[in-house]
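Here chain A shows up in two complexes: once beside chain B, once beside chain C.
Let's look at the complex of A and B:
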């Protein structure tokens, strides 16, 4: 009897909140356990402040926040989703959430995505949160990828921002002739080469082909894949990349750009902070969208998205849903993504983008110049095992381009084994 | 005598030795020196490739300040103490008793029980990872300091028992017999006769176990998951950001984390060396 009254109240509250857009705050009681992987100080403070604001709006809730080291989190999530589930957990979109969705460990939150406040304003990331036609979480931040380059070196050599592959190669030839490398990269941990493959393949064959390849529907020995590598090889043979990149982490490759030995870096927006720390001013550092290669395919971008999920074993799913609504709301999105906090792009179309030239360019690029789609990055779009094998192949290709046939046949064998 | 003392060797050999010694020392200490150097550098030095050069500014105070004031480091250090000290007390107390029982009493299964304690040391502890994690989960001790302490006590007692049993065997058995003749109860023999004689062994073992447990990383990562329960060895990685490794803060944190065992070693050097050789020679 008691519980049915409660359900009726909750239903009433839900209908009220749908009708007037007011949160069902008065109804929320009990414990809310939140697990975060935002372990370094700045994002951690951002998240804790956001949770504090949520707690203020819902005094009846006992909120318990656990912050776990981001790397450790990746292995611990398997534990705690089954054994010791929180009510809200951070994770990543697209294929990275697939194993947990398929194992039934994440709650279906399609109901949230049906609410107008979310459906209308979060459309750009909906695809990344969708598996089997249902949504399994909400995004809270994302960031752009693209080419960060030394504007002062470009000026010195009389170069302008390229937009086509021919311009790109012409620029690169001049940069190499000046004794520099066009691009710095550190492929020791492989994923940076994955970024190059993402862009070259999306520009050569388009977003849909790229996703087909990531899902194992296309052979690695396909002529179109070979074309991607042929384009890549043009830059490699030109001497476009720094030497010995397989021995550097992405961070260890930064000094080449800071010291002027390389002119550009294909990287995520997180590269801006250390480059600024190292003394590069906004006059020296600029950004451009990766050039178009095949004019027949639409531009598509990498924009890795971080997400909140409700574990299927959560205890307080009503409060968790309310927290998800709160986290994606326009005001919260504006606050948590500003440069003092995460310094990334808000996912809500109604929120404000910070006054930062890289964030502004990234937001403009993703919202108006990425008609092909938004990818999550190779190691999130492809299954973990395939991502690992293929990125090893990319690294090997960058060092020994002549091994391409052997690499592709190895990847093809891996595809047949992994996707089955 | 082999090897011949350096002082008695030829002049040439002495000079070579004196020249090589500092070189070997520097080589051995290079990683430590690098960590010490990194801990006073600003973050920007790692982005401008100034790894080994003179720091562009001395940020030692800022780095160590961040470690102590703006991170969970004090919490992690406290956790380490709260894990290490009970483990040392627990393992040493248990092994004094098992060592006494196995060293003094002659009963049929004595040797077999002793072998079981010893055999525990030969199990590669990595294979216990999954069962122990499941066990702590089942007992509700997952992600608690208590769980970690109980596991460490259980696992360390094997080695400690070997150590203590051999030490007690080496004590003059006549002392115990004399006490028995006087009609002293077994419990009082243990407490008033044997235990005082075991002091050097207890000291040596405590120092040894303290260093083992303080430096444990594996079980800390397997059995605990947050600042509320993890010891400092696992906590150091919390300085790493999502994308960037904070080499300067990790270095400062590592030095802080290494201080207690190093201090322990220098203060108790005598016991430490005794501990390493006590079990070996009977």
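Let's look at the complex of A and C:
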């Protein structure tokens, strides 16, 4: 009875929005202030073009776009959400949006998610936008993580794409024997080590355990956590990672792979563009899913999602909602995620994944070979403070694996303080 | 007899008290801004350090728990301990800028062709931004491509990763910081040397003072004011050290190059931070340390003005 009322209401709402959708949107007037953190040239152009198309469809709207440097945005958002809120703001999914949701600074947009156009086509990312059973924004792009590797080096050494931990280690041994490092990485800004931890822990203990750890329900001194680090240590002791990674940013670690001093890079898909720019062709560069370690756990992947939100203090929420609908619509998703623009994965199931081998592989992997679940990334899944301390610990572990006991007890103390 | 009431009528309260009021009127803008931007925030920091606040929600009063946490971080040899230890290293090592600046100033204090050019070249590092200094030294120290390891390699020393080694990193950053700070001290001493009394040098020479004895007994006493200022700016500079750390290491590797100022920023304002109360507690500790030095400086200035 109860649920059928709900369905009826939803259907009514849907028909209302469908019926009045066109005329209502034509009447949108007033100002629409959009704050973006897409400050790199390509994403910036993509966003501005998309906003221009939106403006064309709604000539009555006075749209004002502000692009803020991506790093500066992370601290400025706290000020502008409270003091001088725009109507639409970019941010990140999952725990990263929790502080603003809990402070009541993001608008509940569950109504948008009830509309069939979104409910049917964006189901895969719904979980990442949900806190306390409500949705607080919409995604506009996401991308896969995985191992990008030098196919030509693999061929030269007679290696094949690994699928199990033993194959991975066997490959690495041969790569090290050839005088190279298996993996390049730059941990100066810490988060790259978080990617390794995500994969090693999800493969060793599974997605659910990983999320329990991120939410502070498991001790860092747990035997299962130690097993993750033991697996990690095998690669470290082998000489799998480049030396001095603690001094490099992720970009500074790219040349090692380009010059052939390292054979692979565990990274997000955004690494493909600079690697191609540096001269690696698609014959040299390829991708494989992070290998399975514990056969008893299902594969789970990292796929960080970037999002649009409506601040609670926004002035023109109708126009903002229309903009969110527009941004996630299938045609716009196809355009903004194609390789000429963001070069990432569209969030709308009806849109086209670009004809690019990395995006195609990533899309296939996330839609069919990630049964365990999809994580956002360590520093978005864990609370900011825990993420910071733990990633510092991961970096220390990668440089001084013998300090593991001290690191874990430090993380355990931090856990008890942070989650309370 | 009749003039007195006339005068009293003409002179308003303002006119009678002009002498007392005028200085305060002139000081008022300065006092106002100093109060709003310096004095009041100090008390606000004290207050905030007793709360737990993420900058968004409601602040929760926690008493001295933030300080207790700092104490436990000290006991556990954790981040706070590292920061305090590094601050001490900064304070001591940074003082090297004073003798180094003096040495260069003495060296440059001669009249040869083009000395002005040399002086400005030596002063150059102080003119460029700390950010640039940080970047230049980061590249200099780079373990694979850096000039330092090329130089070391030429004399057969194996490469070292200065900024990636938790024991060397602070010294590496201080060394970068000494470059502009030495230039600053040099300029202070160069101006001081202009004011050295030639007659005293003459007299010293007649008495047979030369070299180090001349420097120690005749020149240095006359450079006292310059030394004092160099000391003040160097101590304050060491305690404020932030930009170089932020540019060169972000406090890493694994937090071993943090100082209090950077730790405070990290905890309160960085991407993963927003523990405002805890950051304020660190700020209070840093303030206390600075206050110690500032009080000493003010006291010794006061003593000097009174002529001992």
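Methods note: the second predicted complex is superposed on the first by the 397 of 420 C-alpha atoms of A that agree within 3 Å, B and C clash if a C-alpha of one lies under 4 Å from a C-alpha of the other, contacts with A are read in each partner's own complex, and residues count from 1 in each chain.
Basically, a contact is a pair of C-beta atoms (placed from the backbone, for glycine too) under 8 Å apart; a residue touches a chain by one contact, two chains touch by 3 or more.
Not measured: the values here are computed from a predicted model.
S.K.: Considering only touches as defined above, state whether A:277 meets chain B (first), chain C (second), both or neither.
M.R.: It touches chain B, and chain C stays clear.
S.K.: In the overlaid three-chain picture, which partner chain does A:247 touch, first (chain B) or second (chain C), both, or neither?
M.R.: second
S.K.: I'd like to know which partner A:71 touches here: chain B for first, chain C for second, both or neither.
M.R.: A:71 contacts both chain B and chain C.
S.K.: Which partner does A:262 contact after superposing on A: first (chain B), second (chain C), both, neither?
M.R.: Touch partners of A:262: none, neither chain B nor chain C.
S.K.: By the touch definition at the top of the document, which applies to A:395: first (chain B), second (chain C), both, or neither?
M.R.: Touch partner of A:395: chain C, not chain B.
S.K.: What is the contact status of A:40 with respect to chain B (first) and chain C (second): first, second, both, or neither?
M.R.: Only chain B; A:40 stays clear of chain C.
S.K.: On chain A, what residues does chain B touch that chain C touches as well?
M.R.: 71
S.K.: Which stretch or stretches of chain B touch chain A in the complex?
M.R.: Within the complex, chain B contacts chain A at residues 43-44, 46-49, 70-71, 133, 137, 142-143, 221, 225-228, 234, 237-246.
S.K.: Give every residue of chain C touching chain A within the complex, in rising order.
M.R.: Checking each residue of chain C against chain A gives 54-57, 69, 76, 78, 141-144, 161, 163-164, 249-250, 252-255, 266, 269-275.
S.K.: Could you pull out which chain A residues touch chain B in their complex?
M.R.: Spelled out, the residues of chain A in touch with chain B are 38-43, 66-72, 76, 79-80, 83-84, 249-252, 254-256, 258-259, 268, 270, 273-275, 277-279.
S.K.: In their shared complex, at which residues does chain A touch chain C?
M.R.: Per the stated touch rule, the residues are 71, 74-75, 78, 82, 99-100, 102-103, 105, 188-190, 243-244, 246-247, 379, 384-385, 387-388, 392-393, 395-396, 399, 410, 413, 417.
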